[in-house]
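Structure in structure tokens, see below.
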Amino acid sequence: MTDKLSHIDAGGNAVMVDISDKADTTRIAIAKARVLMSAQTAKLIADRGHKKGDVLGIAQLAGIMGAKKTPDLIPLCHPLPLTSVTVDLELADDVDGVDITATCKTTGKTGVEMEALTAASVAALTVFDMCKAVDKAMQITDIRVTRKEGGKSGTFIAD
Amino acid sequence: MTDKLSHIDAGGNAVMVDISDKADTTRIAIAKARVLMSAQTAKLIADRGHKKGDVLGIAQLAGIMGAKKTPDLIPLCHPLPLTSVTVDLELADDVDGVDITATCKTTGKTGVEMEALTAASVAALTVFDMCKAVDKAMQITDIRVTRKEGGKSGTFIAD
Amino acid sequence: MTDKLSHIDAGGNAVMVDISDKADTTRIAIAKARVLMSAQTAKLIADRGHKKGDVLGIAQLAGIMGAKKTPDLIPLCHPLPLTSVTVDLELADDVDGVDITATCKTTGKTGVEMEALTAASVAALTVFDMCKAVDKAMQITDIRVTRKEGGKSGTFIAD
Amino acid sequence: MTDKLSHIDAGGNAVMVDISDKADTTRIAIAKARVLMSAQTAKLIADRGHKKGDVLGIAQLAGIMGAKKTPDLIPLCHPLPLTSVTVDLELADDVDGVDITATCKTTGKTGVEMEALTAASVAALTVFDMCKAVDKAMQITDIRVTRKEGGKSGTFIAD
Amino acid sequence: MTDKLSHIDAGGNAVMVDISDKADTTRIAIAKARVLMSAQTAKLIADRGHKKGDVLGIAQLAGIMGAKKTPDLIPLCHPLPLTSVTVDLELADDVDGVDITATCKTTGKTGVEMEALTAASVAALTVFDMCKAVDKAMQITDIRVTRKEGGKSGTFIAD
Amino acid sequence: MTDKLSHIDAGGNAVMVDISDKADTTRIAIAKARVLMSAQTAKLIADRGHKKGDVLGIAQLAGIMGAKKTPDLIPLCHPLPLTSVTVDLELADDVDGVDITATCKTTGKTGVEMEALTAASVAALTVFDMCKAVDKAMQITDIRVTRKEGGKSGTFIAD
């Protein structure tokens, strides 16, 4: 790991890092997020459960579409042809809340952590939007990368 | 406050809530987020400080632009003519991290909480992107609404 | 009704019609579409029925988001602050297929037919995408405006 | 051909299908659409004929640009580097209407049917928009895939 | 006219200026641009003249669509409901080149200079794209605001 | 170099040129632009110099993000996975103004001149936006390609 901010050059200029000479390899990244809410809100989500129109299904789709928007949102991210995006949401079993896991893949010259983080964040924001009429005090927390594979820096695992 | 999810109708269909008959009033929302990082990463950010090309300045701009993308990202959000967006980022004084505050305004028929939350989230994701070459274990936390003014439901204040 | 193409001027130039002096009134438009498919495909959709993750729920959300993209897609459409979008999908009772109804509203200077037609079209395309692995011979038909209210030209009703 | 909906997994979750391990091959898809209109409207289009500013030329350009928007519109579509898009529009010779043919190509891991269908649909919607001041009763019909080449499932031909 | 940069606050932060308390008035802006090219290139454009598929017609449409993208492109621009966009292109009579004039209108709280400048710039870039296979040495020049009406600062006229 | 407009076919139809059979090679393009302004405006920019929140830093970021929008803006441009974008801005030493240089790279089937030109143009428009409150008479000039490498047509150098 380096000790320099890769996106700012010696003169203080923002740069989209030059990846022209990097190899195309399979890249995988997994990111997580959690939405904390009142017991009542968690119950409202649970009650829709596996029925049509559930909060979690809508947030899942928003997360998948959000992954595709990453280079539009994050200024120095490269545009990437994502080959797989999955977003899973489930009610947490230890707190009142929703746990989100996003997995992105590509075959390319740079990693997909930002795509996975963006997918998880947009899914979390959508849960917030769907529930804010009943609960304005929700919090989105613990957005982080838990796994990253591929590329020169090798595999990173956290949790 | 209601006890129903406003974005799903009785038949389980997702709906963009009909706001046609709501009054145009001034709406303000403030949202916050925090990015936790290693002491070394926080120091790298601090060292660029008030110079050109700092991480916080780039994230700030990304947050402002992100607010304008809210209806593209959040499926059931209404498109809104934002009249003001400010995003402030500063190094936290109690932990190694960055604190983000986003404030959005509009004169319209619905609130701007989602715009403020999206601005704060995109700014946080951009801090992550700028620093991920030196610190893969960062966490984005405490994304929440701290103030909401305007509209029928009145003023909401949290912290 | 006029007998001239409003979007092309006397010199053959494309124009976004000047609506600056038109009054802000409530505008409503309803558009419909139908996706024809094999009996087997219709049965696969019906089997998921009111469960989570059904084809119709995903297409519904895509249609709502599609309505917001109208001015990006249709060159001479004005950008509009939509105040309501609903998209309904149901299995047709007279053929093997899905019937789609999209309703858009705004308070503005021009109508929302194109938004309703775009919502219905994007929902239909999404049904196609979800089912194309099992049925490549589907057809999208009967995309049309069935109701338009508001503005100088008054109410239009068809079916 | 499979008998399962490829975009929904066993648990009812929407997924962007994982194409990471598929080969890059040349993919071609052709889609068609038809816009039905009054004889008077068809005549107005014909009268502009091969002059500058014709309805068909504007719709053609909108269709080409629409193809590039496909992954933004269709939730579970992969982003793809299109290598060719052509859209042809001509007055139908058997009815009062416009016939549209869109052809898309890529070298990639998945097909371009949705891109061709989206191009044809957006071109058709643009014809509608250009003519709706003179004819509100138009219909867009017969949107379908007529040819698909490349990939594991081989060549599909219809029409 | 002020002597301060309105988009940067005292602390060096970028801000989207707060226009919440400004009145809604009619705003008009006109911007111009010129594309300089070889005599041969200008002749190729002239030869297509008023026929279908001319370079100028395609650039005109791109300019109109570009105006709608302004808040996506210019970080601190407010989103605005444009009520009119026209873009005119003609061969210059004093040099080998194309002259572009873009006019934008809105009823809103801030001006539309950036929309007119963006329309003119995107139209000019599109002329460049259409002709670059025959002429790589083209230049886009003289992009400027020639007229601005509405708002507190009154009418500005240049040329 | 050809003497035909590559984006219009024999029948006057706009086409996105078919690049399916072209080889993937490394492509580089450099474009320049200049913003002319009053001495007072140039001094305001210089005074912020290397501090946080400078005009040039914000325009730089806008230019980088603008490059990624090229296929959305220029109708017949192919979508491309850019592997590098840099945008440099500095005060001109021979006039009151800002000089902009944008460099884009990709490994692909077509060149990146339009991406470099778009980056330079959007950066220039952003300088204009940031300074227009103090100087409405600015001009953007000299937008041109100064270098192009890669592809069948070989290296082009201008200045």
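A, B, C, D, E and F label the chains in the order they appear, each numbered from 1.
By our rule, contacts are C-beta pairs under 8 Å (C-beta built on N, C-alpha and C of every residue); 3 or more make two chains touch, one makes a residue touch a chain.
Computed from a prediction, not measured in an experiment: that's the story for all the values here.
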Contact-graph distance - origin chain A, target chain E: 2
Those chains which touch chain C and also touch chain B: A, E
Chain pair with the higher count of C-beta pairs in contact (B-F, A-D): A-D
Between chain F and chain A, distance of the C-alpha-averaged centres to the nearest whole Å: 31
Distance between the centres, which are taken as Cα means, of chain F and chain E, whole angstrom: 16
Multi-partner residues of chain A (each touching 2 or more other chains): 12-14, 50-54, 57-58, 61, 65, 72, 75-76, 79-81
Topology of the chain contact graph, where touching chains are joined (line, ring, star, complete, other): other
Inter-chain touch pairs (all): A-B, A-C, A-D, A-F, B-C, B-E, B-F, C-D, C-E, D-E, D-F, E-F
Footprint of chain B on chain E - complex, ascending: 12-20, 71-72, 75-76, 78-81, 108-109
Touching residues on chain A, where the partner in the complex is chain B: 1-9, 11-14, 40, 44, 48, 51-55, 58, 61-62, 65-66, 69, 72-77, 113-114, 117-118, 121-122, 124-126, 128-145, 148, 156, 158
Chain E to chain C touching residues, read off their complex: 26, 50, 57, 60-61, 64-65, 68, 79-86, 88, 105-107
Complex interface listing, chain D residues touching chain E: 49-54, 56-58, 61, 65
